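Chain nomenclature is as follows: A, B, C, D, E and F, assigned in order of appearance, with residue numbering initiated at 1 for each chain independently.
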Amino acid sequence: MTIAIYPGSFDPVTNGHINLIERAARVFDHVVVAVAMNSQKQGLFAVEERLDLLHAVTGGIAGVEVDSFEGLLVDYVRRRGARVVIRGLRAVSDFEYEFQMAHMNHKLYPELETVFMVTGADEFYISSQLVKEVARLGGCVDGLVPPAVRDALSAKFRGARGT
Amino acid sequence: MTIAIYPGSFDPVTNGHINLIERAARVFDHVVVAVAMNSQKQGLFAVEERLDLLHAVTGGIAGVEVDSFEGLLVDYVRRRGARVVIRGLRAVSDFEYEFQMAHMNHKLYPELETVFMVTGADEFYISSQLVKEVARLGGCVDGLVPPAVRDALSAKFRGARGT
Amino acid sequence: MTIAIYPGSFDPVTNGHINLIERAARVFDHVVVAVAMNSQKQGLFAVEERLDLLHAVTGGIAGVEVDSFEGLLVDYVRRRGARVVIRGLRAVSDFEYEFQMAHMNHKLYPELETVFMVTGADEFYISSQLVKEVARLGGCVDGLVPPAVRDALSAKFRGARGT
Amino acid sequence: MTIAIYPGSFDPVTNGHINLIERAARVFDHVVVAVAMNSQKQGLFAVEERLDLLHAVTGGIAGVEVDSFEGLLVDYVRRRGARVVIRGLRAVSDFEYEFQMAHMNHKLYPELETVFMVTGADEFYISSQLVKEVARLGGCVDGLVPPAVRDALSAKFRGARGT
Amino acid sequence: MTIAIYPGSFDPVTNGHINLIERAARVFDHVVVAVAMNSQKQGLFAVEERLDLLHAVTGGIAGVEVDSFEGLLVDYVRRRGARVVIRGLRAVSDFEYEFQMAHMNHKLYPELETVFMVTGADEFYISSQLVKEVARLGGCVDGLVPPAVRDALSAKFRGARGT
Amino acid sequence: MTIAIYPGSFDPVTNGHINLIERAARVFDHVVVAVAMNSQKQGLFAVEERLDLLHAVTGGIAGVEVDSFEGLLVDYVRRRGARVVIRGLRAVSDFEYEFQMAHMNHKLYPELETVFMVTGADEFYISSQLVKEVARLGGCVDGLVPPAVRDALSAKFRGARGT
């Protein structure tokens, strides 16, 4: 059975992530969506919130598990007994960074293979950061994130605006 | 009459911006240079100062107006009754980001069209950030910004160096 | 009145081109879709056929004219009394080439401005060349080109396969 | 069981291809290395020769099969009952083209997923075309291709030079 | 004394090449502008003509020599007792190809170092191919190539047009 | 004698830097590795520590000097009586930034020439930032940095983890 790890911040999960998760689940036996905990970078959502949203929106996809990890990705992949990491590609600048990370991770764990899948044509311009920016400025994020995430963003920024 | 909005930080305006404004004014009936106010990011110049510099250096160009806005660009464009946004392109990494923003803005406001113009051959390496860095380190910015901006930069950093 | 020239081979016109023509027609008063005649490069469709297909598929778009030209684009633009050239951008490699052409054309005709528009999210992977390749190998091109072009491709390759 | 198709010209197979095949075989249950027959483009090696070389150099890798196909890749993938296509990525210009093909193939066969793997750090500058050019000019291709391919190249160009 | 080889087709030499040659001559003791003879690709100008034009336009630059070579660049570099190759960079797609060639040449001749210099801001959009295209269509190439090259292009295409 | 300045943060020096320094020393008579002091950006290592590590790891390379500078690079290059700056290129996004800087520096000091060398195939994915990230998370950095740097990183992060 091939276990594939799909790591990321998922702060929050977008329709672009979900499109990729659905397609990865058709390619691999078991897909672990793994939230990277980063003590250096404070997210908009706490890791617990991100996991809750991921559970809510990936609940219906067979063969998908949600998890979180701290420390190096390669150590987590090894602990899980996995050898495949999935990354989404949206654009050239993504690719440069991902290319560098794939080689670094291969160096740190030579059995590890990174496979890339391109984001769907309808989602390639969606990133968590851009979605947060739109929501913060009061824009409508329908079609960019699932309803549960839209409501969570709404609650965050309503709070921030003190209303 | 086609109104085109040219949004940006303009912190401060450079010769690259001015080259683009002049050329956009030949293509569109009315060009609005719109300073984006960003409560999350403190600029070197206050929005008022940026507007003053823009007025000073674009005063002689027919069909050009200077304005500022808060919130989402698409909301501002709608309020102005406009449908065209102009963006300058200098390099590939610019393009990737701009491509993403153009699609996002089209999604938020389907009538909006983003048109791109390439920066002149003499200005493509000029960015507000690099100009500020050169000025901060005491370098000469003649040829990179108009004299009014050079003097304003000079005053800022003289103050910063306590002389 | 702003006349904008949209030059290309259009061998044949695709849904990507049509998306761009429709959007350009909303930005500019008059859009001339101009087939470049190239004595050095034999196309799949003769210039007359390309013009017929363009007429057929852009007939309903207000403010759009179809034409052809020989020789340098800048000479044609000058003859038409125009100063704006439109080009579509799909990808980075497009951009590099287009950037070079925009500067060259500006050098040859300093009043000329090139404006770029990005292809729609649903069409960015469509090129005339790829469409011809798919059609040649018997693939279905519905959704990539209008029905009239699909039928014309079909007729071309049926002939080529001798059936 | 996941069958993954790795299509290409393999004219001839290089160490870069072999590195990718070995790594793909660790990720997928069954990997089909599929030589695309292209009636429009004459290769240096005939398809039969390419298949022979591929058999010779991938013989020892478990789970790898060598095949050839004519026509559209998506039709071949369907006929094989597969849904996964593997492509190697070496550089940005590769990526642009591959991105376009992945979306086109997804459009022609919505169940198909393209996964990308990056070429090893020691092989990323190797392409069949560059290897042929080096061999044609009498350069040493050891380390770029397996010995069997080196000898085949040598025989080709010795013939071509009439010695 | 550091000898640097600047290889290329120079079919014909442009102002972009000359800018690079002048600057390379300030960095290295001796610069050899080396025309690559390619039996597979017929140029517009014969190798002898290219050498004559190069001699004419680089005659006044101290420390510059003009030469030609056949076969692999690395073999020529070795024969010349050199270890440095200069290449100009204009754009990203250039860079990808050059990156690959630099690594391949380093593999074929490990002592060889490739150094890159960027083309001047006024010449980055000039390529031999584009210049030939402009000249062929009757455009003015002043400012793109030296007068001697302009006249040679003019003579070529006048002949071609049968006048 | 050609003096070439190789500026950077070197926070800390990696095997990628060392590979470049060794190769630059074969091309130029004298290479100055120059640590840029940046009052705006706090590094992991103090400038003194970076210089010590650079001395330790470049001690055996003939023709190499280690230095530091404050302020504009062009002013430092001028003070040193040099005209050549060396920069390493790893990837496209590097290139865009470097291209911009090369033109800006040429504008600030027209006699200055920037030459680029590509990082070795084994080191192109190594950056100081990524190395620090790996070390911070407890990963093994052997093969990415020299032993002296590995030990220094280890000491830094052991302290940070309070053990």
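The working rule: a residue touches a chain if its C-beta (ideal position, glycine included) is under 8 Å from a C-beta of that chain, and two chains touch if they have at least 3 such contacts.
Because the structure is a prediction, the values reported are computed rather than measured.
With contact taken as defined at the outset, chain B and chain E are each touched by C, F. Within the contact network of the assembly, the step distance from chain A to chain C comes to 1.
Using CA-based centroids throughout, the chain positioned farthest away from chain E is A. Looking across B-E, A-C or D-E, the interface that copies A-B in more than half of its residue contact pairs is found at D-E. One simple way to say how far apart two chains are is to compare their mean CA positions; for chain A and chain E this gives 47 Å.
Averaged C-alpha coordinates put the centre of chain C at 33 Å from the centre of chain E. In chain F, 92-93, 96, 99, 103, 121, 124-125 are the positions where the chain touches two or more neighbouring chains simultaneously. Every pair of chains that touch is listed here: A-B, A-C, A-D, A-F, B-C, B-E, B-F, C-D, C-E, D-E, D-F, E-F.
For chain D in complex with chain C, the residues that touch the partner chain are 71-72, 74-75, 92-93, 96-97, 99-101, 103-104, 107-108. Across the complex, chain F is touched by residues 92, 121-122, 124-125 of chain D. Across the complex, chain B is touched by residues 2, 23, 26-29, 83-84, 89, 92, 95-96, 99, 102-103, 111, 113-118, 121 of chain C. Of all residues in chain E, those touching chain C in their complex are 90-93, 124-127, 130, 134, 137-140, 143-144.
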